[in-house]
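Below is one structure, written out as structure tokens; comments come after it.
Order of writing sets the labels: A, B, C and D. Residues in every chain begin at 1.
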Amino acid sequence: MRPTVVQSSLAKRAAVEFVATAVLLAAISGSGIMGERLASGNVAIALLANSIATGAILIALILAFGEVSGAHINPMVTLSNAARGSFPWSETPAYIAAQVIGAFSGIALANIMFGLPVLFASHHVRTGWPSWIAEIVATAGLITVIGCCVRWRPASTPFAVAAYVTAAYWFFPSTSFANPAVTLARSMTDTFSGIRPLDVPAFLASQFAGAAVATAFLEWLLHEN
Amino acid sequence: MRPTVVQSSLAKRAAVEFVATAVLLAAISGSGIMGERLASGNVAIALLANSIATGAILIALILAFGEVSGAHINPMVTLSNAARGSFPWSETPAYIAAQVIGAFSGIALANIMFGLPVLFASHHVRTGWPSWIAEIVATAGLITVIGCCVRWRPASTPFAVAAYVTAAYWFFPSTSFANPAVTLARSMTDTFSGIRPLDVPAFLASQFAGAAVATAFLEWLLHEN
Amino acid sequence: MRPTVVQSSLAKRAAVEFVATAVLLAAISGSGIMGERLASGNVAIALLANSIATGAILIALILAFGEVSGAHINPMVTLSNAARGSFPWSETPAYIAAQVIGAFSGIALANIMFGLPVLFASHHVRTGWPSWIAEIVATAGLITVIGCCVRWRPASTPFAVAAYVTAAYWFFPSTSFANPAVTLARSMTDTFSGIRPLDVPAFLASQFAGAAVATAFLEWLLHEN
Amino acid sequence: MRPTVVQSSLAKRAAVEFVATAVLLAAISGSGIMGERLASGNVAIALLANSIATGAILIALILAFGEVSGAHINPMVTLSNAARGSFPWSETPAYIAAQVIGAFSGIALANIMFGLPVLFASHHVRTGWPSWIAEIVATAGLITVIGCCVRWRPASTPFAVAAYVTAAYWFFPSTSFANPAVTLARSMTDTFSGIRPLDVPAFLASQFAGAAVATAFLEWLLHEN
């Protein structure tokens, strides 16, 4: 098992979390806009583009930045690692701040590039138990996949995470946000991938619940026989 | 060749088989539902989403869990391994029970998330020699690919299995079930990926036949020159 | 560089070439049939399914069988290896016979599974300089990619070959056959992936020319500085 | 970290850059033509084919040629490496010349294969700040991903680059050229992937700007803690 904390300074690692989360959000949001514009109303084709682009950018980002910052790109990953003792609590606020600011920056970048307002609230309704259950399970699954891969096959983690996210778009009715920074930022784009600000808190709560379950499961699974 | 039986307790390994099979079935069934709902009647696009999502979730699951339980996720894999002496017969019932219960749980999860009855019998007719031949060949191919990869390129097994399954959706008229746990559970969802309960026994028999052929082939191929 | 000739007997290695080529052809032809039937007349969607399924099955086949027979699955690969001294001429006839018989067996399997005549001549016209140039370049590219990967990154060869073939479907007007066994067998299915028997000889000649160019290029590139 | 300069002579390495860039451009342009012809007017499907084919050919090319020439295939990569001291300035002109000549050769090949004029100027308008910002960011991202992967995970670089480019098609309104050789050559095909000659200079300037930013970022990130 490689050390999660590599030798770069916290400033460099936080900068990398900022950049990676910004690019991820630009990819999620931008490919949603492009897909919807070109798909002639066939939503499945737009979602295919959206899910393939998101998975592909995750491969690139985690391969490029995994050895610098761990490429968490997700506050739930950072918190779960901290709770399990594999990431220092003292560095958690810097990571999460970088991720959240990066996420909004990425949404703004996509909006600007596609000629839209820099930030504008979404009207995309995403609420109700199906979505909340989906976010609980999707987040638990993501945290579990990451925890197991980092433990046993660290070099393959980028592919596992990307593949999980690409699939999760399709079998969770919420299309699987599974990331509070992503959720917050996507409330500020009234496009294909948006979420109404009103619906954000329940998504965040569901993601916390899912991450907590996964963290406990990993503790049980990975420690002692 | 890595040992198939790793150090985790049987309880942990069976739990992992349960979780992995549940997630696999949720992905197969959920992505079928989502694909069909969004594809505006173009079945090829729905099947593209279905096959990509299934392959992707298999990469994630086998990378994450392969080092714990072997990530069989399929009673035929467990039985074939046992028959070839690389998995203990004494643990086979626990594995298969975990897989079958996991499969039904995953189908139930997808049905709940998409607002459908928890379990409801499929009316999707899948019968006749073309489908049965397909299941024999598809299962034989899957068992052969796994057996060869585990022997020679264990680290690449997740990618080989996922790629095989994604392709198999397209060239077998049955869309390739190749897994008794998957087959049983898919009889309980009347959606895109379902199979009529009446058609299940012949699929199971075909899968047994295919696995038996592949097991014999592997014995011949992998032992002595 | 790993030895091309592994320890299995010629009988086992030829059997593996037979099986692999049969499965490849069943995948090419079967996914073409399935794609065309489901795509509601949108040929791009059918070709997307066809190219993804072909690439995916190649990953599985080369990962599974590469360490046994080298997973040539293509007479041009066998001949080019022999010409470059990395495969014995004495075994070449057995390999090529296995590949050609396997190819026809795979086409027959797909035809049977999809309820069509076992073998029936194609009426798909594929002729003219654009197609012939395409086959020359496509075959040269395939042989070059394989030769370089086997020399420098053998473990990644399955992914390079699969990616090359998936791409080649799209940028060669012939959709890139690049394989005499594949070409001969595809003349016996009057479906999406077929080729008129009359057009086969020019394809074979183009493939020989492309393989010869690539073999000479590899000799220059890989030997001495 | 492997040495960027391998043992082959400059002539061989430049030849490889020529071949790789030619094949890349044939793939970009050819798959655009094929996609548009077959997609029945659904541009999203054409772009899906275009982006998947481009990513796939990059995997094959970088796996095959990375150990020979470094597989830059992009003057910005060569210049950025030279500026960072990991590639000799003295060899830079030969690399860039090979890439540019290769790019035009690849465009000409695609045009010939698809029965079009060898070279004919594009009328595809690609101008304005959204596209220029996109090219700045897309090029900066590409150079950063390559620089980080070469430093930390060289064996995975082909997959990171291919995944980045596939995603970038979808979230940059310019569809991400990010490569001066590609940009120049695509002005000479009046098809799906073309760019009006008049719009080329601003794209090149944007790419230079993006590469400069990324080179400075990499200097800061990769050196000292």
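The definition used in the following text is that a contact is a pair of C-beta atoms (placed from the backbone, for glycine too) under 8 Å apart; a residue touches a chain by one contact, two chains touch by 3 or more.
These numbers were taken from a predicted model, which means no experiment stands behind them.
Enquirer: Please state the rotation angle, between 0 and 180 degrees and to the nearest 5, that superposes the Cα atoms of chain B on chain C.
Expert: Angle of rotation between the two copies: 90 degrees.
Enquirer: If every chain is reduced to the average of its C-alpha atoms, which one ends up farthest from chain B?
Expert: With centres defined by C-alpha atoms, farthest from chain B sits D.
Enquirer: Could you tell me the distance, in whole angstrom, between the mean C-alpha positions of chain A and chain D?
Expert: 28
Enquirer: Which whole number of Å gives the spacing of the CA centres of chain A and chain C?
Expert: Centres of chain A and chain C (C-alpha means) sit 39 Å apart.
Enquirer: Residues of chain B that contact two or more other chains, please.
Expert: Within chain B, residues 42, 45, 48, 52, 55, 159 contact more than one other chain.
Enquirer: Once you draw an edge for every pair of touching chains, what topology comes out, line, ring, star, complete or other?
Expert: Per interface graph, the chains form a ring.
Enquirer: Looking at the complex, which residues from chain D come into contact with chain C?
Expert: Listed in rising order, the residues are 7-9, 12, 15-16, 19, 23, 26-27, 29-31, 34-35, 38-40, 42, 45-46, 48-50, 52-57, 59-61, 63-68, 109-110, 112-115, 155, 158-159, 162.
Enquirer: Once bound in the complex, which stretches of chain A touch chain B?
Expert: 41-45, 47-48, 51-52, 55, 130, 133-134, 137, 141, 144-145, 148-149, 152-153, 156-157, 159-161, 163-164, 166-173, 220-221, 225
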